[in-house]
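What follows is a set of structures to go through.
Here subunit A shows up in two complexes: once beside subunit B, once beside subunit C.
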Partner chain A sequence: MNGSRSFNDRRVGVAALLALALVWQLMSVLFPMEIVPGVPMVPGWQVVVTRTFLSLSNFWEGGFGIPAASAGTPPSYGVAFLSLLFNSLDTFRRLALGFVIGGGIGFALGLLLSLSEWSNRFVGAPLRFIRALPLLAMIPLFQLWFGIADFGMVVFIAYGVGVIIFTSVINAVPRVPQIYRDNARTLGASKLRTFYTVTVPAILPEVRSAAVIAVGVGWAAALGAEYLGAQSGLGRIVVASEAFGYLDRMFLTAVVIIVYAAISTWLVERGFARLLRWA
Partner chain B sequence: MNETNDRTAIAVHNVTRRFQRTGGGEVIAADNMSLTIPRGEFVCLVGPSGCGKTTMLQMIAGLLAPSEGEIEVDGRKVTGPGPDRGVVFQKDSVFPWMTVIQNIEYGLKCRGVPAAERRALARRYLAHVGLEGLEESWPRELSGGMLKRVAIATVFANGSRVLLLDEPFGALDYVTKHQLYDVLLSLWSEDEQHRTVVFVTHDIDEALLLADRVLVFKAGHIAADLSIDSPRPRNTESLLQPAVVAHKRTMLEHIGLRPSGGTA
Partner chain C sequence: MNATVTARRTTPSSSPRPVRWRPRVDVVGLCGVVAMLGVWQAMSVHFGRVVPSPLTVANEMAKNFISAPTFRHYGIADAGYLDAILYTAGNVSMSMIAGGAAGIAFGLLTARRRLLRSALDPIFLTLGTIPIFIAAPFLLLWFGISRFSAVAIVAIYVATIVYAYSQRALYNLSPVYEQYAQTLGADDRRLFWDIMVPGTLPEILGGLRIALAGAWGLAAISELIGSQRGAGKVIQSLANSVDVKAIFCVLLLLGVVAAAIDALMALVISRVTAWNRAGGNDHE
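Entry: the complex of A and B
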């Protein structure tokens, strides 16, 4: 039952994506105007997978004995692929580091402050204020504090992810049913053991939901940080393309990012699946 | 009533418990109560909801502190929960994030019992409650009655000499309930030295089937203290014996119901 249902879900999903791609193609025919000569406002797939993809060779910074595009390496599909791969890896590295550091600190800090009811209440009010701060508006602040190099971007992503995980922990701990703590205490568990055998596993379902949201926020933070001053990464390709009106490159990068975001969400869900077999 | 000797398992001395009502006023759930329960006795606390029977059980468990007075279990003053007093709760208390066998082993693990030994003990009690083969199941896969079996196996495996059960079977159907009476009583009588059991219920028939002694609670007082000496094993037929019917009549009167029906 369940298997056939998820199979059907997948078929519907694939059909919807194909329909979207088809609508895009239709729009490219209906609106053939160009933003700069040779670059259509709505680039059709026949442009995106050929000329646009090839042009990613321009972002090749050199390596593997192949000189950088700026040093005269002619565009080719191979170089374009390498260029996309390495720029993607740069973004991935920043995102993964920021996610692990921010998620780890947010989780640990949330648990620490939940140890006493008093500290939990104490952080409640400022937390609502901090959550209301628009994350992306703070990029310039973080750049001045931590620099525009990798370190600054990682700190910024960690902040965005950390706030979400921290909030979920602070909210989830007081909602763990008292009966589980009572059960543990009457069976002889110390306060510390009750904490790591009852409180921590009991909040994991809520932390999983927060982590999935944090993946999306992490991508926004990573790209946002890269828009402002990165020397590599997918965000830099978008900004550099915008400067010259290369709408097709921006579109291709957006499609690639959507695929990556889906993959990273799936990875996080897989990571939690084992921990939450019981739920 | 107040003397304590080495046969005494639970001694409650002049215990009062008040609750503040939201919006002012207070409720007295236990009003200067004293009682002693000897070792090995199966005692049922019965009474309508709000009579203070669950409050008393929680105070003995150490989950609730008395406003005045003190409670001793095996001669030691109760200051908090502990593994010497096992509790089976009204609601489901089995940890959903642990397998059945991990749940039963939990208390033993807390006390540092070696892995092989606690696994063997847990398996024995799991078999005793009729759940062999379900070691690795998750609690979500179990019915309400099976979860109660796990909870019972857990407290018995933990070796507590005093067991406190708070309306454990209230939410179960008639047949399951009667199956669990058998499970509980066979575990209780298995030990050479019976464990002391305090069982809270609002069901008079349940009390008459299980207890050596019934304490009828009414508004924070003990209204009646009855010895049920009907022979064991008992069944639904036992409830029809004249002595048992007489007990039932007494209990109903104390609770405020006329045996013929209607309120007194």
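Entry: the complex of A and C
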């Protein structure tokens, strides 16, 4: 939450997370009720890393000479790992495509419309309303419009990410102090040059916070899009598990997604840290 | 982040007078809204089957606002859009109160205690990252399909956002203020009420506003996954029967109510923290 964290802080943080995992284990002992035979309400770690992980083999669609689970491949740790890997890659692909397309269009369009104060105000007002529309609740609509294949999912993720980045650009540009621009202009920079060398770098810090938020929203959008009708991906594992009450599989998927989300947030922050070395 | 809070000018000489709210009509922005409606209309002409025109949606809204006999066919109560949105608004309010209180309490508690902060930060961060599509079924299975579950789900996310904002608010408040007050003889209670509360209020309210903006969507999703009432439930039922104009109605209603309440909250914030700007102490 604040930039510099000492080694000690990090150790306390790791210890806290371990404590959280321990509390979960304790709860699994205290509440041993089962939701379906063999699946506890609170799946302890000893279940999650063995039986639950193995069960991911069921989502293996075949490849590398190993037939699909539906074709009778027996569950094994290797197949489970492959299954998790390939379902994750499917989700990554959709997320990355949506993030790049949505973020790129949002950023470019935001800048384009911020070239003049008038166009900024023109799109700013309806945007405030569009932003208020609840993103995840729009999934059924996007499915209807763009289908439930990859295309529809990518468009949905791109929309969620794009609106956030677009809004941040539209909001940030008018707040760049006029004196920066005036200064560049008195030194002889053209309007366009001032825009590229003064305005664009000046809004990047704000776009960074928006991008970090967009990573989280992107993950939620990716999972939501898959949740409602994908044939592969982490969201499909969640929905297939939920249908049968396999809380343990959902828990494992949640842990995996939390790790992925942390890594992708870190990557985006690092990327921006390089862009913003001067700040 | 609080770009939409536009500072309204007050004359320094008339400090006891409350800040008067004068709605300024942004003609350019209004043109933008009209243009958006125009684009929507044009889209509906081209894609009539999946994009209903604004007028069709308005008609549908008027017809089924108070009571919607057709909802029966979808297996939901025939109480209309008003009931659905009120139910969701109720869930959002309860989540904001519960989650907001927890977030503020833990945020303020950890702001000045480094060890506690390094321990709780990753826990709150992890909680906030759990995708709602997984958290919601868990809570629904544990606590049953009840209003409590729906509220608890949203409250968790509200708490994680408000936690971060409250913590940062007190963390960034210069200790000079407290030290100064202490040298003037202020006790703990006065320190709390006269320094910490006014010093952190603007940022905490800003955090609450951001949490509120997200809470509508989360509430709708938690209803979509498991509820018998509310806007999310209506969306889910209508989506199954591909009733696009009705889905539009619910989404627009959610958007309008969320935007209106957000504007109201911005107004309240600007009034409550009017001194913050008057003193030129705007650290947004």
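Going forward, the second predicted complex is superposed on the first by the 274 of 279 C-alpha atoms of A that agree within 3 Å, B and C clash if a C-alpha of one lies under 4 Å from a C-alpha of the other, contacts with A are read in each partner's own complex, and residues count from 1 in each chain.
The working rule: a residue touches a chain if its C-beta (ideal position, glycine included) is under 8 Å from a C-beta of that chain, and two chains touch if they have at least 3 such contacts.
Predicted, not measured: the structure shown is a model, and the values here were computed from it.
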item: Joint occupancy of subunit A by subunit B and subunit C, clash or fit; value: fit
item: Subunit B versus subunit C as contact partner of A:Gly188, first or second or both or neither; value: first
item: Which of subunit B and subunit C A:Phe86 touches, first, second, both or neither; value: neither
item: In the superposition, subunit B vs subunit C on subunit A residues touched; value: C
item: Subunit B versus subunit C as contact partner of A:Phe272, first or second or both or neither; value: neither
item: Touched partner set for A:Asn171, first subunit B, second subunit C, both or neither; value: second
item: Subunit B versus subunit C as contact partner of A:Met250, first or second or both or neither; value: second
item: Partner chain in contact with A:Ala261 - subunit B first, subunit C second, else both or neither; value: second
item: Which of subunit B and subunit C A:Trp24 touches, first, second, both or neither; value: neither
item: Which superposed partner A:Ile179 touches (first subunit B, second subunit C, both, neither); value: first
item: Per-pair minimum CA distance [subunit C against subunit B, superposed on A] in Å; value: 10
item: Footprint overlap on subunit A, comparing subunit B with subunit C; value: none
item: Complex contacts: residues of subunit A adjacent to subunit C; value: 1-2, 5, 8-10, 12-17, 20, 35, 41, 118, 121-126, 128-138, 140-141, 143-145, 171-172, 175, 209, 216, 219-220, 223-224, 227, 235, 238, 242, 245, 247, 250-251, 253-254, 257-258, 261-262
item: Sites on subunit A touched by subunit B in the complex; value: 179-180, 182-190, 193, 197-198, 201-202, 204, 277-279
item: Contact set on subunit B toward subunit A in their complex; value: 61-63, 80-83, 85-87, 89, 91-98, 106-107, 110-111, 138-140, 154-155, 158
item: Touching residues (chain side subunit C, partner subunit A) in the complex; value: 1, 3-4, 26, 28-33, 35-36, 50, 114-115, 117-123, 126, 128-135, 137-138, 141-142, 164, 167-168, 171, 213, 216-218, 220-221, 224, 231-232, 235-236, 238-239, 242, 244, 247-248, 250-252, 254-256, 258-259, 262
